[in-house]
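Shared chain: chain A. Partners: chain B in the first complex, chain C in the second.
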Partner chain A sequence: MSGIALTNVVKRFGALTVIDKVNLSVAEGEFVVFVGPSGCGKSTLLRMIAGLEEISDGELQIGGERMNETPPARRGIAMVFQSYALYPHMSVERNLGFALETARLAAGEITERVAKVARFLKIEHLLARRPAQLSGGQQQRVAIGRALVRSQKLFLFDEPLSNLDADLRMEMRVEIARIHRELKATTVYVTHDQLEAMTLADRIVVLKDGHISQVGTPMELYEHPANKFVASFIGAPRMNFLTGKLAIDGSGSRLDVLDARHGLENFGYEGEVSVGIRPEDLILGGGDIRLPASVQLVEPLGGEALVHARLGNGQSLVVKAQGKPDLKPNADITVGWLTSKAHLFGADDRALSAKGA
Partner chain B sequence: MVRSNTGRRLHRIAIYALFGIVALYTLFPFYWMIASSLKSGQAIFDVTFLPDLKFNNYQAILSDGVFLRSLLNSLIVAFSVVALSLLLAVGAAYALGRIDFRGRSPIMLLVLAVSMFPQIALLSGLFEMIRWLGLYNTIGSLIFAYMIFTLPFNIWVLTTFMRDLPKQIEEAAIMDGCSPLRIVRCIFLPMMGPALISTGLLAFIASWNEFMFALTFILTDENRTVPVAIALISGSSRYEFPYGAIMAASTIVTVPLIVLALLFQKHIVSGLTAGAVKG
Partner chain C sequence: MMSGSRSAGLRQARVRTAWLFLAPSLLVLTGVALWPLGRTFLFSFTDALLTEPDFYSYVGFDNYRALFEDPLWWQSVRNTLYFTVISVSIETVLGLTIALLLNSHIAGRGVMRAIILIPWSIPVVVSARMWQWMLHDQFGIVNHVLKLAGLIETGVAWTANSALVMPVIIAVDVWITTPFMVLLILAGLSMLPRGIYEAASIDGVPAWKQFTSLTLPLLAPSIAVAVLFRLLDALRMFDLSYVLSSNSDDTKTVSIYAREVLVNFQDMGVGSAASTAVFLMIALVTAIYVTVFRLNRRLMGV
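Moving on, here comes the complex of A and B:
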């Protein structure tokens, strides 16, 4: 009984509307990740679920019950903060047990539950220390432990890993995935790291300027972004965008990009479009549509390389090529792609799809 | 910059000399007080720098019931003032530092303004209030009066301190199910230890040394506090001024302050600078 349902939820700070009529439901046991650029309202939405921020309008249900007016502690939620927010004057053990102490559990039971969580997170040897005597990763573990110890059914994370360095971030990401696999608690996780979002999420919610841009599984968002914003936000390196022209041609459509053209299925759309192609879908010297380009820079990544190429009109493209392409700067190449792999976006930035396919 | 050996030595000598002068300047009155208190009878009027180590002034003053009583009164007043003003100031600081409400800055300015009134300006008004409350000639009057100058300062310092405590820690405590009272008691107070100690100590010193209110609001010997009691120590005849006894009493009175200051010296500095720098 820990699913979440948001109905037309609004948050205003004075005259400023920060969250605008958001509708979302999170199933029990699901891992949902909020992503979006800075200031889009991820934290605010999470804090409204937590009860740390009042809901200006709309309804929040948790486990089928209206929670708008319920104080945070009675929503059955545990939260992990970006800054860890450990109590600096308490030992790790007391930090972990403090919520249970507040709930007036018997001392024996507190010790037992703290010990269990400490074992689960492998922080038993740290119990006697103060937060200041821990490394960043250890502090993050304690912060997660503090959330786990209350055995709530709903976890909220606000950018829990953004203060860690890359190695630790990966380690903790795996740890969080393990915790979710073993406890199956409903989880809402805020991040601006799309890699975290792709690897952890059952479903990703992409937010933009206070409203939901798209919701879906990581693969859905990757393969079928609903708009240009989601397309450029999900996937790294970023999707390349070229300007093209779509015209109706007999029973199909025709796409013009620079000097190249190719027939497509009927999109029922005429006019200027953005053609989005992911770096991994660009082909050196192949594809349905090919464009001449010159090499700017090759960044070898080991097994693959990023080739930065410049088109005749001065626009840059990033190509992800397998192996170690033998290309010198300023070499002339052709860059192409299969039209089936390209994403087309209309003037309103929404994805276009073929009719009756 | 490379300095010659003699240059460095001169530099060091200069520093020690300066240090010596400052130490002499600040400590000599204390030394004189203690040395005088250890001389007996007429010896006090001889200018000798070495004490006699005679303790009869202390015997006399410690067997004086009025003085002992005033010492007890002072302790009661000072500790009550510290306890009450810290309690009230923490409450006020939580409201002023952590809760957003209209009129917060005017209140802060008012608090600051109140702490700037000269004591003498308050005297007659306070006197009326104390009479009206029926506190005249009780140590309650002093506890009441001293809060007038300890509270604004404590509120001001604790508010700046409380305001700078991290918001996420408070929110973590809220998620852990804490009431505001429990947040203040179990999370904020321990984190504010240094600030509490320094403000408490300053309140203690202020009430311990206060003279004018103590002279005005107390009528009879058994309710007096130490500063007034010392001023009123008189000799066995009109023509004898009991310097020795006064010095001994003053020394005794200084001891608690020194003990407290030494006990908490580390916290005093960190508390005052924390409030000042971040504020």
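Moving on, here comes the complex of A and C:
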């Protein structure tokens, strides 16, 4: 039993509320990622689950039991820190075994479990070294190993890959996915990197200013962002936003964007809207709605290219185009999209959806 | 070949520059440390008197023989070592305790940190005089308070009683120099990584084990340096004993002994021999301490 249930959880530092009535449940064996910009409260929320921060209000349950007052050591958790937090004066072997040593396990069993974890993480050859003699990636493996060796049912990761370079981040991402696949432990993972969230999570929790903005599977969040914040946070390069006008037109709606217009299903909404289109949904020279633009810059990425274009009103768009488009700066082009691929957000930044049908 | 000789030339130029920069401090060191030390060493083999230091003849090891045959010298050595071991031990334990307290998140610790430094910032002679007055057998506040509390009936002669005077001097030294220990250990504490304590608390490591397995080993280098500083200071302690009990053999330190022979008895030869012995003693203790600590560090793998 290692599911988590947060009910109206609040964290206050003095007069400042950093987590405001968060409700969330994490199923046993699930991999949940907290994602959001810095200062959104994602690390604080994780540390509250860990017991490193007190819970000001509300209830935390782990495995169906109230844990608000339980010290970290008795919550059945293992945690990996951004700073790794390895014991600098101990060898890798002792770092891995220290918790077991404290729990007074027999020396033979400690050696056995440490060896098993070391084999699992491919750090057997590092056991005699001290943390200072390891690379960042190796330190990260040891930190993960230290969490694994206690064989807890709940793993907490606090931005574990932030201090690694891009190559190692990818390698460790794959490694963490493998660990979860093989151990099936409930995992809560905090990151500010939407790519990590997309690739690792069963479900993503997007946080903003201490509130949950949206919870869903990576594809749900990508395809149906509930608001403009989630829409701009998930997906890279980020979604383009244009200002448009939505009006009721007979039994349907009509969208006006600059000089272009197109009929839509009935949205039951009138007024100014934000039209969000992902760079990969923009089409050069095609689409239901087309707008004239001029090329600012082409960034070739090899298999695809990012075309930065400027519309007549001075607004910029990023288009992800396949192959290597033969475009020179200042060339006149047409940028368009299929209205079915566009996301509409009302004045309160919430996503609008078609009525009926 | 060309590049080889050119880089050798560059190396030579760098070495020359290094010497150039080192020269002033080497010169000063020679003038104020090496030269007097050499002179003292030289005089320790002569029968020179302080009144006429230019007239002397070499007497070989006679001065050292005289020194080592003087029971008072050996008592001074014992006094010095006793004072050093006891006072530095107490200061270390007390300093560590107070530093840990000040390092925790208690209210008013900023003010506490400032206040605790006051005893250390007072010149030792002033502190010693102050304590001398407070410990005065008739008018001292210490006896006054003890009498009020009904603990004693007549004033205790703190600095005249041969059984009490050394403990009193140690106590005053502890009062003066514990802040120094606190300061150095506090600096070491603030360098410790925070995260490992969170990791340890999640891993179920109890507080006492966090202290013995994490804090102490990680703090060891800081404590070692602080202890070394205090050792050097305590081994050549002069002022406290001199002010609080100038004529007592019970608290005579090697520094006081050397000064006495040199100034009171005008015997530059034996005085120099004593000074040289003090120097060698301190050098020996330091060398042993540093060696043991290095060895220990290598064994612990820090």
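Note that in this section the second predicted complex is superposed on the first by the 357 of 357 C-alpha atoms of A that agree within 3 Å, B and C clash if a C-alpha of one lies under 4 Å from a C-alpha of the other, contacts with A are read in each partner's own complex, and residues count from 1 in each chain.
Everything below uses one rule, namely that a residue touches a chain if its C-beta (ideal position, glycine included) is under 8 Å from a C-beta of that chain, and two chains touch if they have at least 3 such contacts.
This is a predicted model, so every value here is computed, not measured.
Asker: Look at where chain B and chain C land on chain A after superposing the complexes, then choose clash or fit.
Answerer: Pair status: clash.
Asker: One more residue to check, A:78. First (chain B), second (chain C), both or neither?
Answerer: Both partners.
Asker: What is the contact status of A:98 with respect to chain B (first) and chain C (second): first, second, both, or neither?
Answerer: both
Asker: So, does A:88 touch the first partner chain B, the second partner chain C, both, or neither?
Answerer: A:88: touches chain B and chain C.
Asker: Does chain B (first) or chain C (second) touch A:269, or do both, or does neither?
Answerer: After superposition on chain A, A:269 lies in contact with neither partner.
Asker: Just chain B (first), just chain C (second), both, or neither: which does A:130 touch?
Answerer: In the superposition, A:130 contacts chain C only.
Asker: Going by the contact rule set out at the top, does A:52 touch chain B (first), chain C (second), both, or neither?
Answerer: both
Asker: Shared contact residues on chain A, chain B side and chain C side combined as an intersection?
Answerer: 50, 52, 72-73, 77-79, 81, 83, 85-89, 98-99, 102-103, 146, 150
Asker: Would you tell me which residues of chain B are touching chain A in their complex?
Answerer: For chain B paired with chain A, touching residues are 166, 168-169, 171-178, 182, 186-187, 190-191, 193.
Asker: Where on chain C is chain A touching in the complex?
Answerer: Of all residues in chain C, those touching chain A are 193, 195-196, 198-206, 209, 213-214, 217-218, 300-302.
Asker: Under the definition above, what is the set of chain A residues touching chain C in their complex?
Answerer: 50-52, 71-74, 77-79, 81, 83-89, 91, 98-99, 102-103, 130, 146, 150
Asker: Which bits of chain A are touching chain B when the two form their complex?
Answerer: Per the touch definition, chain A meets chain B at residues 50, 52, 72-73, 77-79, 81-83, 85-89, 98-99, 102-103, 146, 150.
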